[in-house]
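Going in written order, the chains are labelled A, B, C and D, and every chain counts its residues from 1.
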Amino acid sequence: MRRVIRSGFRRHVRACRRAGATYKIGKEKVMIRAGIIGSTGYAGAELVRILLRHRDAEIVWYGSRSYVDETYGKVYRNFFELVDAKCLDDNIEALAGQADVIFTATPQGYLGGILNDELLQKTRFIDLSADYRIKDVATYEKWYGITHQSPRLIDQAVYGLCEINRGLVNEHTRLIANPGCYTTCSILTAYPLVKEGLIEPDTLIVDAKSGTSGAGRGAKLPNLFCEVNENMKAYGVATHRHTPEIEEQLGYAAGREVMINFTPHLVPMNRGILVTAYASLVKKVDGTLPGEAELRAAYEKYYADEYFVRVLPKGEFPETKWVENSNFVDINFVVDERTGRIVMLGALDNLVKGAAGQAVQNMNLMFGLDEKEGLALVPSFP
Amino acid sequence: MRRVIRSGFRRHVRACRRAGATYKIGKEKVMIRAGIIGSTGYAGAELVRILLRHRDAEIVWYGSRSYVDETYGKVYRNFFELVDAKCLDDNIEALAGQADVIFTATPQGYLGGILNDELLQKTRFIDLSADYRIKDVATYEKWYGITHQSPRLIDQAVYGLCEINRGLVNEHTRLIANPGCYTTCSILTAYPLVKEGLIEPDTLIVDAKSGTSGAGRGAKLPNLFCEVNENMKAYGVATHRHTPEIEEQLGYAAGREVMINFTPHLVPMNRGILVTAYASLVKKVDGTLPGEAELRAAYEKYYADEYFVRVLPKGEFPETKWVENSNFVDINFVVDERTGRIVMLGALDNLVKGAAGQAVQNMNLMFGLDEKEGLALVPSFP
Amino acid sequence: MRRVIRSGFRRHVRACRRAGATYKIGKEKVMIRAGIIGSTGYAGAELVRILLRHRDAEIVWYGSRSYVDETYGKVYRNFFELVDAKCLDDNIEALAGQADVIFTATPQGYLGGILNDELLQKTRFIDLSADYRIKDVATYEKWYGITHQSPRLIDQAVYGLCEINRGLVNEHTRLIANPGCYTTCSILTAYPLVKEGLIEPDTLIVDAKSGTSGAGRGAKLPNLFCEVNENMKAYGVATHRHTPEIEEQLGYAAGREVMINFTPHLVPMNRGILVTAYASLVKKVDGTLPGEAELRAAYEKYYADEYFVRVLPKGEFPETKWVENSNFVDINFVVDERTGRIVMLGALDNLVKGAAGQAVQNMNLMFGLDEKEGLALVPSFP
Amino acid sequence: MRRVIRSGFRRHVRACRRAGATYKIGKEKVMIRAGIIGSTGYAGAELVRILLRHRDAEIVWYGSRSYVDETYGKVYRNFFELVDAKCLDDNIEALAGQADVIFTATPQGYLGGILNDELLQKTRFIDLSADYRIKDVATYEKWYGITHQSPRLIDQAVYGLCEINRGLVNEHTRLIANPGCYTTCSILTAYPLVKEGLIEPDTLIVDAKSGTSGAGRGAKLPNLFCEVNENMKAYGVATHRHTPEIEEQLGYAAGREVMINFTPHLVPMNRGILVTAYASLVKKVDGTLPGEAELRAAYEKYYADEYFVRVLPKGEFPETKWVENSNFVDINFVVDERTGRIVMLGALDNLVKGAAGQAVQNMNLMFGLDEKEGLALVPSFP
């Protein structure tokens, strides 16, 4: 009897969809068929949540090794009566034939281990793992401790940080390396100043704080409520794997190799990343430091037209709650004239702009849709 | 420069709107113009958040006594670059001429003190306060300690618990008394069994737990983080004002006066209400208790076609997180044969179904729209 | 080098100890040697924390199956440099010879499965599990789904709810069944009124809320931070194992069999239990209800001289934070004359008075010490 | 009737006290009489909590402007039946005659505005505000925006960071400037390396995170539960008043002026400060960096005999929970050879070692007591 209600939900969403600039094959408008491998992790579930409201895409496959044959809406009760599909094992061959795009929200090494040219001809991939993010295989293998199984495909992957690489993501793109959560926040926070040569890249120190959903849904002791709640700690100091990813991308911006310090911290909250980044300002020819206006102009140059990046007014600092459940990144900076350094601050929702939201943003670009489709989310507060 | 982006947001939302079954005046389709008095409280801000994505309504007035002339998007930074309107004082006469509907998210006594027939002819009101919820003026005045200033308007008000009073909310309705947060959860959790005579109404005990946003945004010591966090307490024991509201509505269902115990508790979380309700089952003629199937049938009878009420499968208990940021109410029950009692459980988001969401649901009904418009929200997790 | 510091800590504690009314064997004063089986669970760790400051006891054995050979201060970093002992496997035979008392903070069935007369002659046991709490074996086996391996020892066990059974705990006691956390709070909250016949025992409904440390330190998905935080739920509705324990003890007080409803809830905080209990007041011969003064006198009768029970003044409700990290139970009540019911409220710290603190209280009684030794803890706030 | 219990508490504490090396006047052992001005703030309440268990001190005055004539145990219900004194207005003249030591847990400018030589002759002061922390008056006035009313007393004040200035705190000390919470953590974390010349002081960047009790008990909107919970933000970037305090003290260690970046952050937890500090290592003559062993030796040199400083083993990072409710500071570091920087980490409880605990530590030194008296607290977990 309740199926009536569920299909009511679908009718409602489809009614919204009729207005959408649906993906075209030839002259036909069709829905994008999306498959998700790893749909029962937190990032996978956020993908489901976003795609359910997307007017031009539908999920055709809920992949999950751990919950094969279980109803998705039972694994995540928030989807009760909204999703009645059952979870399927990750049969990549079968899935590739049914989906226009496959999202892999999987552990490192998974997609790298199975991807090949044939699969890339059949469908598109948006990989939320790190397998194709780092162009230098040796660097990947060193930081991840994994032998890359398909290194020659790395060059085909576009690093999907849309605000920076938008020009590279289009209908010909077959493989997206979706950036990491810390990485997205760190790069976007520092990018304009690195690109414009206003800070010394090698003085960059990124002190990052993350909510606990970033640690995944694995049943591990350090992630228990009583271990995380009322507690705060650094982890992976000087060894966290997002370090080389930030360095590589900022290196492209700087035009030379960059080495930074990156320290992640675990915070007792579900969602949100806050980045506090420090760097020495590059003195001008006359020996003075660049001023507030000049620095602000650099941010405006790159972000004024970016829907998802909000540069706050002087004196307002980003807070993770202000971007929660949205695809926004809030950014600002403070110049410390005493020390000649700048403090850059950025905040995002690690599951949205830091994972699933950015993945959908990439999908929109790959299929020629409005980049904001499904993502014009208003942050929730409180 | 950033105005471009903001209007980009509006263009995007308007593109979605073109498909909507927009409110008609004569043959013209027009947007519903909504004003909000008390827009800077938590419930007011949630109204803004929902209406921003509504395809058939737009906000024309952000009322706020405390923040007159301040930019709304500065009071709530989550709306930065999404709302650039300034807060206005609550000039009800002026507002009534500009809005098709006015939401009052105001303290008790406010609307009761200013509403009159002339205003009701000019526009519609959806009142999130308690002023018109209780039909018996003496009861209202006793529990609220306020002399009602417009008692003769109470009869014009429809108690807007849509799942029960949907038939009374339509294009002729001028005044909605939007139910309280605890009340909505308590009534919906027990209603089918009271209505069907399956429980003894006078044995009903409602033990309710609420997140802290229910306490509002006033700067009061008991609501400080350090006072609420890692703490739990009951408050208003045997005196909470939602008690007579629950009793009145369940009294209508029972066909006689009902008196209950209602105990609210404060829980260290932002959003969510959980109701645990206890009652003695009415024995059947043969002396046996009604069985699981019979009780479940009662819930199905009233809720099977209700989009926003989800009756969980046997053995699954509602959790507030599963309905967070949505308009859903999750409900279930357990029969305790040992004691002859039933334990009924219900969960909702106090700011959505418990306040702003239900208010929009009422607006949709008042304007002949799809009841779900703007409310087909997928709960966020985690 | 740092050992110096650690022994400094010990010297300091021992200096305090010299004043203590140390346990006597013959005329010699000696320290009580305590062993702990299950020392690496949350209750076990709290035992360690309390015993470290106890002037008359020292821990001689840190038992832990999961962490054999690991340094205790490494398993729980709060004990870094305070405890350098290594965890030992639970060799009960060996331990029994070395310890004057053994605390078992172990899963249900463990002590029941190994205890025998010989062990009970060698040493004393304080069991934090449920194995010896319920006198009726059939009831135990039904609710716990375990076949009791040593039912004939149950009669030797004293149910160690000190405020009620103090007279039964003395130097001859060999086996204490330390009460459950929910149980302690529920019984103490209702006991005086049941005992004095002021409430109808069969109308008793106990709605209890617990912090998450009550769920233990097992790495289980439902106890992950992101699953518990910002969430609230009931669990074990009508089936929770503390139900028969409450019923049995209140039955003794009432002088007849009692059946209640008990519903536990999980709250997003580390520590604390709040009990909200409802019951119908017994009318007096003249048909009136007992008044506030009469009811308060009943509480005073039983608790005025109880150090660890604090009956709050009228109108003040217990909050879990006010007893955190202490052995106190805060209690109060509200009469609802409209419904003829009383609402009783109680709060305690589930790891202290609900587990380790009460266990030490029992130990103090068993060894003839001041009951407060090691337990005159001031609640921490915030 | 309940007074019996309360005095029972006192008898018990006094029994413990008999063993203590009580403060001597002439040959008499007497209790230290302590007065507290500002006893109803969070730091003041923590002072009360610690002093209640101190064997050689008793509180003779609970000062509080906001709660004059209210029972202290009613303002903070954790002290119910433990403290029945009433709060008094801050009559400093009267108090000075009654107390051996006065703690001022007051806003900036209070003690600076009233202190004079006469008062300093009558009694001792331990000031938890910043009034006498900074030796350079101009620096104080610039960062605090307050004109110092008694600048000539500054030289009499000892900066009470016991681990560093222990030699200066003794029975002749009349005025202690008790260090700030962020400051204590920041200085202790970096001190050995600055002192030994192993890091470049001007490259020091301190990124600090604090629980919300540091913001005080004032009823301010930004400190409401719903604003702080599930949120994280930086504040006071480049302008926080603890900056010059850290700089001055590390300047003494470095032997020259030091300028640093200090960024505080607000974290959704009650207690705890975590400091992550970054600095460039000073290369040795041969161009190599100092190694792990050399750096660790520097920490051991200063802290091996410090009871309250725990240098963790390599690879273990401090967590705020491991020091909660204790006077410990946990410290460690990581060398990043890639960047030539060191990452130093420190954690403490802002209300204990960051305020009240350190104040009592100073009191102990001032009165010739064991520095650990009242402070041998075992951190609580979870």
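Assume a contact is a pair of C-beta atoms (placed from the backbone, for glycine too) under 8 Å apart; a residue touches a chain by one contact, two chains touch by 3 or more.
Note that the coordinates shown come from a computational prediction; the quantities given were computed from them, not determined experimentally.
Two chain pairs are in question, C-D and A-C; the one with more C-beta pairs in contact is C-D.
Taking the mean of C-alpha positions as each chain's centre, the chain lying farthest from the centre of subunit B is D.
In terms of their C-alpha centroids, the spacing between subunit B and subunit C amounts to 41 Å. We define each chain's centre as the mean of its Cα atoms; on that basis subunit A and subunit C are separated by 47 Å.
Centre-to-centre separation between subunit C and subunit D, using Cα means, comes to 35 Å. Contacts with at least two other chains are made by residues 42, 213, 226-227, 229-230, 268-271, 319, 321, 324, 382 of subunit A. Contact topology of the protein chains: fully connected, every pair of chains touching.
Of all residues in subunit D, only 1-2, 4-5, 8-9, 12-13, 15-16, 18-19, 42, 45, 49, 52-53, 55, 76-82, 213, 230, 270-271, 300, 304-307, 310-312, 316, 319, 321-326, 330, 370, 372, 376, 378-382 touch subunit C in the complex they form.
Taken together, the subunit C residues at the contact with subunit B in this complex read 202, 205, 207, 209, 211, 226-227, 229-235, 237-238, 259-261, 263, 265, 267-272, 274, 276, 278, 317-321, 324, 334-336, 338-339, 341, 343, 345, 347, 382. By the touch criterion stated above, subunit C contacts subunit A in their complex at residues 42, 212-213, 217, 219-221, 223-230, 268-270.
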